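Before anything else, here is the set of structures, which you'll find just below.
Okay, so chain A shows up in both of these, paired with chain B first and chain C after.
Moving on to the complex of A and B:
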């Protein structure tokens, strides 16, 4: 058993290079690969071979981590396409989108301060629906149109939506306790 | 993460939080966001007839460093002309607040917020 470290993660797991992904197939491929490269299976081998097997196992786990999460998978697809999503430096989101984000945040803050659990739950539901819609756009941009620049913008939007979801979850958790 | 004293000071006593009224004269708004951490920042400037920034306000949803960076720049832009405000660099903000490398993007956000607010003002007044 050996692993080609220059292969991308999709090739490593024998999956098509797409955003839409069969999660069951990914999991099965991960278990199978893990079983083959696990360092314990190579305990009788030389130090060099053990080290190499460790390196393979790390590669397999890192690949699984990236592919299983939709947003990380999308970022990886952009990386493979040579498109930099500039998550650290691109601050120029559309004003309309940012205004919307600001309004969401204000609504969460107000509901949190007023301890309105049902309001937070309602925001949570609405945001889930919105996120599903945006991820639908992302799938079309990546898999159907190969429009990576547009997909990069959508990935940036989803980063904000993710953060917002976290804020709502935290607020709900704080109110429950 | 340990915040510097200056960050904590701005975080606990943020300067100039809020918004100007929509009808107030000379007000311009800069909206920016940092995808990496989901921070959203709104910076407003109120420019006098002489072209000097009289007042500034901000509203930021983000970590302590993002709040401190925006609070700091609202203080810094007051009394400056638009061009002087544009000279404020993120490195100065990061240095003043002793931001660690992982928080540099907060200072970039604040610098970009000033640029966006000035651009908004110019768009409204030079058209």
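Moving on to the complex of A and C:
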């Protein structure tokens, strides 16, 4: 009778457990679930009720956040597959990749020091394109080949890119302030 | 009550069971109260037919308190005891308030929130705001003919935790049950979106008397999803008045003016600003206390010129909100203008230029927030009808974090996360045998703790002695649908726990509130006992009705024994409700809550399963 609170997010949202995702279906499921559990639906009820609703709504939002973001979704799939991506400790990347990262990083640093807003915005755009390409590999690794070791390596690459993206955002924010 | 009332479309409450709920726009300059009557949201007027209540409170030597226009009119003669724009002080310390030197008040810089010395003693901004809210509550109860079930109070989207908590405290002091703190731009979007059946991505540009918000919302099939929000909690129409006031001082070569003259000139500046909305020029004619006369004319161009930097200042949050939403200005379908200050022609011009389209001004920028709040209050109170099946998904405006080594901030909850949200972070001890750990919770986007708002400090004690780095301390943040934070810390291996409602470092303590409530009730001449009884009776009616609806709808989830048990508790609550013992009624309500706990859990599960299956509950076989 009871729903298992620990069921995975894909099951919670009624979606197949894979990397490729129908964003429209995810969003529709999110809205549908929040329509049931959101605290606004239980605002006139007891404190007990409100607390429960808040917990549920919190879990639904967390699930949506994880599934919506490609990197978080990939990490989550690895976790479900029982693959330890060793994201914190395993930073052994190919020399080629590290070189590439250095170049990006230098470009960001230069633009930041020169206060070049348009250059930073351009880097942001180019990096987005690059990330899209890497995510393409990830989809194949996870969904077609179930090659989780390779996928874990790609996830680590994406984390570098993500970090860089954040640094650009912060640099832009700092320049505006 | 442990009962989930998941109202299905088509299950509207009957008219005679309509619960009285209001939406309140607690503004810097003006406040309004609105309600939904016969399905239509309206602002409630006072006896003189005015809907706007100036947010002004005057404390008089004889102990009486004036609120509204009467108080506003007294500000030139009694500036020190007449508090206007108190919203700027909510949850704020002395150093946070702009132009404090130009204000006629006698400030006291108490820890966390500034206070004001008046002829009636020291007043917290929370108490001053409560006077405004109380006046609106009395107006609403008089007009609607009964006690309110609750209220939705609007706050600027960019209000931080301190300002939100202060607002909630003020409502509590005013005897209002807060159904929800609702962000002003979101309230406006509800009013606009429902009126115009809008779909797509909209921006709400909300320039109030003292605050500026910019929210980007996606409207689709009844869901109002806030994508991002940004703003400036210390920028508003008041700053335009202040700029014009300074210009007048400069032109008339007055320095520095007396308190009374300053008030007169400020009022004149505001009048001139409002006149410039419809006229090309405005006269500034004031007779000072000295008998000297100020006689100037300000043109629309001059005014636009001297306030250009303020208009520009609103565009920075616009850019940031768009970037956070990942959108370009031309992807915005419409820009909804909110707040009286958006009537200024040069603001409308700047917004039109930025977005490449004329902003939407087909609704009253003064009322739209209160109307949206009333619609939401009506739904939250349980008066949902067929057409009210909408959902608001709002976000937290500012990131939340913890102080780490070197005065840096570790972000735990990023800004623009959809509410409610919970996030946790693990920390460890850095000394052998360390048994306590101190936490400092902050809010803001900057890297340094000193640049963020300090929300609370607390300690986790009793950690068992271990080698450095062995303890695992998990700090959990939970932000509720009002945008309010609670934090708890737990050492994972021993289970030692500490938690705080983020409040102490700036807000009022619960004792202070209790004391204010007592004096406030005396002041209002309310009979406390009668009020408590009335509240419990209203609550009992609500609980019984909700339980019966649930039984009628989902009785199949219970065995006959279980449902008989619940029915007998209902009968008991009915009996108690007929009496006059409010504590006994409360106990009965609590008993019903316990009796329906399992039922509630089953209903929630059932509802979620049917949501997943794409079915409505009432389509499932019984």
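Here is the rule we use: the second predicted complex is superposed on the first by the 139 of 177 C-alpha atoms of A that agree within 3 Å, B and C clash if a C-alpha of one lies under 4 Å from a C-alpha of the other, contacts with A are read in each partner's own complex, and residues count from 1 in each chain.
Convention: a residue touches a chain if its C-beta (ideal position, glycine included) is under 8 Å from a C-beta of that chain, and two chains touch if they have at least 3 such contacts.
Because the structure is a prediction, the values reported are computed rather than measured.
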Just checking: does A:120 make contact with chain B only, chain C only, both, or neither of them? Give me first, second, both or neither. neither
Just to be sure I read the superposition right, which of the two partners does A:40 touch: chain B = first, chain C = second, or both, or neither? second
Partner touching more residues of chain A, chain B vs chain C, is chain C
According to the stated criteria, A:139 is in contact with first (chain B), second (chain C), both, or neither; which is it? neither
Output check: A:26 vs chain B and chain C. Expected answer is one of first, second, both, neither. What do you get? neither
Based on the superposed arrangement, let me know which partner A:164 touches: chain B (first), chain C (second), both, or neither? first
Examine A:156 and indicate which partner it touches, taking first as chain B and second as chain C; both and neither are also allowed. first
With both complexes overlaid on chain A, does A:99 touch chain B (first), chain C (second), both or neither? first
With the two structures laid over each other on chain A, which partner does A:77 touch: chain B (first), chain C (second), both, or neither? neither
Shared chain A footprint, chain B vs chain C, residue numbers none
Touching chain B in the complex: which residues of chain A? 85-93, 95, 97-99, 101-102, 105, 109, 155-157, 159-160, 162-164, 166
In the complex formed with chain A, which residues of chain C make contact? 1-7, 19, 149-150, 179-180, 221, 223, 316, 319-320, 323, 376, 379-382, 389, 391-393, 417-422, 445, 478, 480-481, 542-543, 546, 593, 597, 600-602, 604-605, 607-609, 611-614
So, in the complex, the side of chain B touching chain A is made of residues 31-40, 42, 59, 61, 105, 108-109, 112-113, 116
Residues of chain A defined as touching chain C within the complex: 1-3, 12-14, 29, 31-46, 48-49, 52-54, 56-58, 61-62, 64-65, 169, 172-173, 176
